[in-house]
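The following blocks contain the structures, represented as structure tokens.
Consider the two complexes below, in which subunit A is the common component and subunit B and subunit C are the respective partners.
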Partner chain A sequence: MSCLIEANQLSKVFKDKESTVFKKKEIIAVDNVSLTINRGESVGIVGESGCGKSMLGKMLVGLTLPTKGSVNYDGKIISRLPFNEIKKLRSKLQPIFQDADSTLNPKLTVKKLLEEPFVINKISKGDANQRIDELLSYVNLGKELYGRYPHEISGGQRQRLGLARALSLNPDFIVADEPAASLDSSVQAQILQLLNRMKLNSGLGLVYVSHNLKIVSMMTEKVNVMYLGSFVETGDTKDVFENPMHPYTKMLIGSVLTIDGDKRKLGKAKVFGEPPDPKNRASGCTFHPRCDCCSQICKEERPILKKVGNKNRFVACHNM
Partner chain B sequence: MKKEKLLEVEQLNIKFTTSIGDVNVSDDINFSLNKGETFCIVGESGCGKSVVALSLTRLLPENAIIKGSIKFEGFNISELEEKEFSEIRGRKIATIFEQPMSCINPVMRIGDQIAETYRANFNCSRKEAKQQALKKLEEVKLPANRYNSYPHELSGGMQQRVMIAIALACNPQLLIADEPTTSLDVTVQYQILELLQELKEKYNMTILMITHDMGVVHDMADRIGVMYAGNMMEIADRDEFFQRPLHPYAVELLNVVRDPCIYTIPGTVPNLMEWVPGCPFEPRCKRSTEACKINKPKNIVMGERIVRCLNVVPN
Partner chain C sequence: MGKNLKVGAIMISILAVIVFIGPLIAPYDPYQVNMSVKLQGVSASHIMGTDQLGRDLFSRLIYATGTSVKISLIVVIVSMIIGFVFGSIAAFIGGAVDEFLMRIIDVFMAFPTKIFTIAIAGILGASAINITIALIITSWASYARMVRGCVLTAKELPFIDASIALGANRGYTIIRHVLPSVFQPLSTFAFQRIAHTMMAIVGLSFIGLGVQPPTPELGAMINESKNFMTTAPHLFIFPGLLISYVVFSFNILDDSLRDYWDPRIKSELVL
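Entry: the complex of A and B
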């Protein structure tokens, strides 16, 4: 497999609005994260709200510049390119956003919205129309929607419209940020299957960002578990889900409710505390206040990702 | 043991009148809630789950036309005057939603909000209301020192708990929860559901829960109602439902949930403005027959189980 995207030691830091000349405060949204995505491979990023998943995804497609570190695509360091150069790559590096609605111009009809990417990239009308027909059948939308505006179609239809637009110019790489969160099970399934087909047929590289661990476990080959801006566990998806090692990964997987078996799960997992606040980071291991096997060293020293076992597994925990 | 019924809904029909025609959201829906149970309603987006729930406390907009009878503790509340009805809403039936900020006052300290709700209903001293509010905070596992916090100072999961505390302030007998955890993290969701379960057991509270997350249903529900296009297609006990769903839509739904990377339900979601003579699921149904296109299926009652389908094979 050839490498498609390579990210090295990415960090994204914001200045806190409350910071003063005397007391500088920072919000570290992403903290020294490295990962590679190969062609035809899908990589999951999971973690609680605010841990930096979306921010990392945006850096990977060049929508926002990292404070530190670099992103390579096709021999180019896209995190150094000027804005107009990145724009040229936009059709190849596509984000699918959490809120599809915000990317759709409310004044354009569904038809115009579908044509927009082709017009911007100066593709002939004939070719465009043929491709649009194809896309509509992929995402299972009917032409009866053509004349309507975004607010006149259902949430699930809007989400699929956004998806059709993202796929229109045969991207190489997609960051799908909760692409199916607000959809019911059957529409959600359609979208997941579409992304899977694209991955297999055209060697698409995919980063799948989600709270929904069940779907990540089925959609991806590798997974990265993120806590407060850093990866705390990475590895092959199957391994990680079968045998989670980091206490945070255990807690996350323990809190997923599934329909397998007859037993109810509530009351059995150990879930502590609130998702962390990036403004008040804990010392040492940032997870220690919620951890049930925390020792003195965890409060003092920050653990780094270390290889565990002979598989492709890395864990950042002092108690391995 | 005979189950005592808390709520009985019979022949509920709801439609919205709009400038371009009527939207039929509830088609002869019947269901009942036993005291102390959790009943979950599932179904595709837009099939009418929220509308049915809102109709129980008369929270629908003016263009809604509601027919049918709703009995609460054996008493027909659908004919009550609005003034009498407001005694029931909030006091006996409380509702929580997906977005906590829709029911929390953003500029009032959270403790005071809980206390106010209590005082408005029980007519007690400020001091006693504050005592009660502190007790509720403890019950929803918020530390007492959060009493004076404003909503924006809390995380989403904490706001959700404040809303639950407000809803519980009057010890309602029925709690309606419309997608209470959809926007939350799996960890926070887990904690909130555990909390609801605990409170239900403590007060023998009845919960009507709406969710599209089957994992949640699997853990919380005692019984399940499956809706499709304004019809209650199946009502079943939790174990029966997951082991052997009977309605073709319920079967497909569970297949998709088990294997979303392989399964889909072909076809499109029905248009609720179009009148169909037969079964609304017929165009997508694998077991469809000619009769399904012409005849509306009636409820088939098999003990506790109800299925609205012409082709159900009872056992």
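Entry: the complex of A and C
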């Protein structure tokens, strides 16, 4: 397995609108995150809403430039290339967007939307049509939709249309931001199986950005748990889900509802506290106001990811 | 097509016939004075009667509509172009350039149309060209502001990102995605402004600041007719009706086109 995407100490900082000349306020969306994705590997990023998952995903495919740090693809640092150079690599790095509705131009028909990737990359009509037929059968959409506008098809169909567009250029790497959020279970399974097949057959690297832990635990080999812009726990998916170490991971996994109601996996870890405000970060460990095993050092010193055990497991907590 | 669109299209077509083909079928020369038939009512030889100088009202109305409509079209098209260029430059470049251009626009927005036109007429003299210039100066800024707003919104839409992710360059996203999203609100706005501009021209000509007699113009004609209001009411009734007709037809077309161009509403219209 060779390394496909390597992210080194990525940070993304936004200037807060309330900041003035005298008082600079910043919103740290992503804070010093490193990550590698190999060919044919799928990696999950989980965390609460607003913790910077989507921003991280956007940086990995080069849609947003990081404030600090770099993203390497195929030996090239894409985060430092000029626009024209990144453009050539774009077809290989594809995002699947969270909100399929707004990523489809409402004024274009389904046919035009499907053709767009080929028009942009100047691929001949004949090749394009052949590929479109293939894609439509992949994502299980019919040609009868051709003349319709995005608002005239169902949410699931829109999501699959977005997926077809992302797959159309045979990418090497896909960041799937909530790929199955608006789909019902049967279609969800189809889409996920399709992505899985592509991963196995063509060595696609996949990143699942999701708060749906079920999907992440099923689909990924490695998982990164994100809290307020940085990773608090990383490791093999099976390992992390069976034996979460960081208190936040415990809380997150404990919060998953099971079908028989009361028997939550780790019933003891209760969810409490509010999702954090990135403008007012807590000192020391950013999680300490919500942590039930918080001690003095947690309030003062920021923990870094440390290797725990002999497996490929890193946790950022003082209490390990 | 919606019902309104049909009505609007028919009304505008009739107007276009009056403006462009009308001069060919006008029975008399609009400037031809014939004192022997002055202030006549509706008759077979003069289907809308004659004015105080014996000129055929029907022929004059045909030419007058042409004058008013042509001036308002010129004003709207020129201000649309200026506004489009300014607005899109401001939105695309942004930063200090945007800030600078917007302040210029603010200055122009602050001009009161009527007073400014009076000033222009006072300085350069009242004429069709000067009223055109004055109206362009006072109206282009609102187009620029609108275009800037539309471009700024369109630029940030997620489907632009999606397009960039597929390898598109900026030029492609601008032509394919940004400009079409600007074009529709801009043209609706322009259509709406045609009626407004038309009213402004007619109003200014009525108070003597716009098109000067003997050139036939609807507002100027109503002004000339005011002395004969009781004895020859057809002199202001016909131009008045024509003004209402023109304004109404542009308004109804503007309204229905807005619906027609939006695919989301289009499907709900009875086609």
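Going forward, the second predicted complex is superposed on the first by the 310 of 320 C-alpha atoms of A that agree within 3 Å, B and C clash if a C-alpha of one lies under 4 Å from a C-alpha of the other, contacts with A are read in each partner's own complex, and residues count from 1 in each chain.
Note that in this section contacts are C-beta pairs under 8 Å (C-beta built on N, C-alpha and C of every residue); 3 or more make two chains touch, one makes a residue touch a chain.
The structure displayed is predicted, hence computed values, not measured ones.
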Could you tell me if A:R165 is touching subunit B, subunit C, both of them or neither one (first, second, both, neither)? second
Could you look at A:P95 and tell me whether it touches subunit B, subunit C, both or neither (first, second, both, neither)? second
Contact-wise, after the overlay, does A:N121 reach subunit B, subunit C, both or neither (first, second, both, neither)? second
Touching A:S154 in the superposition: subunit B (first), subunit C (second), both, neither? first
First (subunit B), second (subunit C), both or neither touched by A:L104: second
Pick one for A:P275: touches subunit B only (first), subunit C only (second), both, or neither. first
Of subunit C and subunit B, partner touching more subunit A residues: B
With the two complexes superposed on chain A, say which partner A:D16 touches: subunit B (first), subunit C (second), both, or neither. neither
Looking at the complex, which residues from subunit A come into contact with subunit B? 48-49, 140, 142, 154-156, 183-190, 192-193, 196, 211-215, 218-219, 251-252, 255-259, 262, 264-267, 269, 271, 274-275, 277
Along subunit C, where are the residues that touch subunit A in the complex? 157-159, 161-170, 172, 176-177, 180-181, 263-264, 267
List of subunit A residues in touch with subunit C within their complex: 61, 63, 83-84, 87-88, 90-91, 93-95, 97, 99, 102-107, 116-117, 120-121, 149, 151-152, 162, 165-166, 168-169
Okay, in this complex, where on subunit B does subunit A touch? 43-46, 155-158, 184-191, 193-194, 197, 212-220, 239, 242-243, 252-254, 256-258, 260-265, 268-269
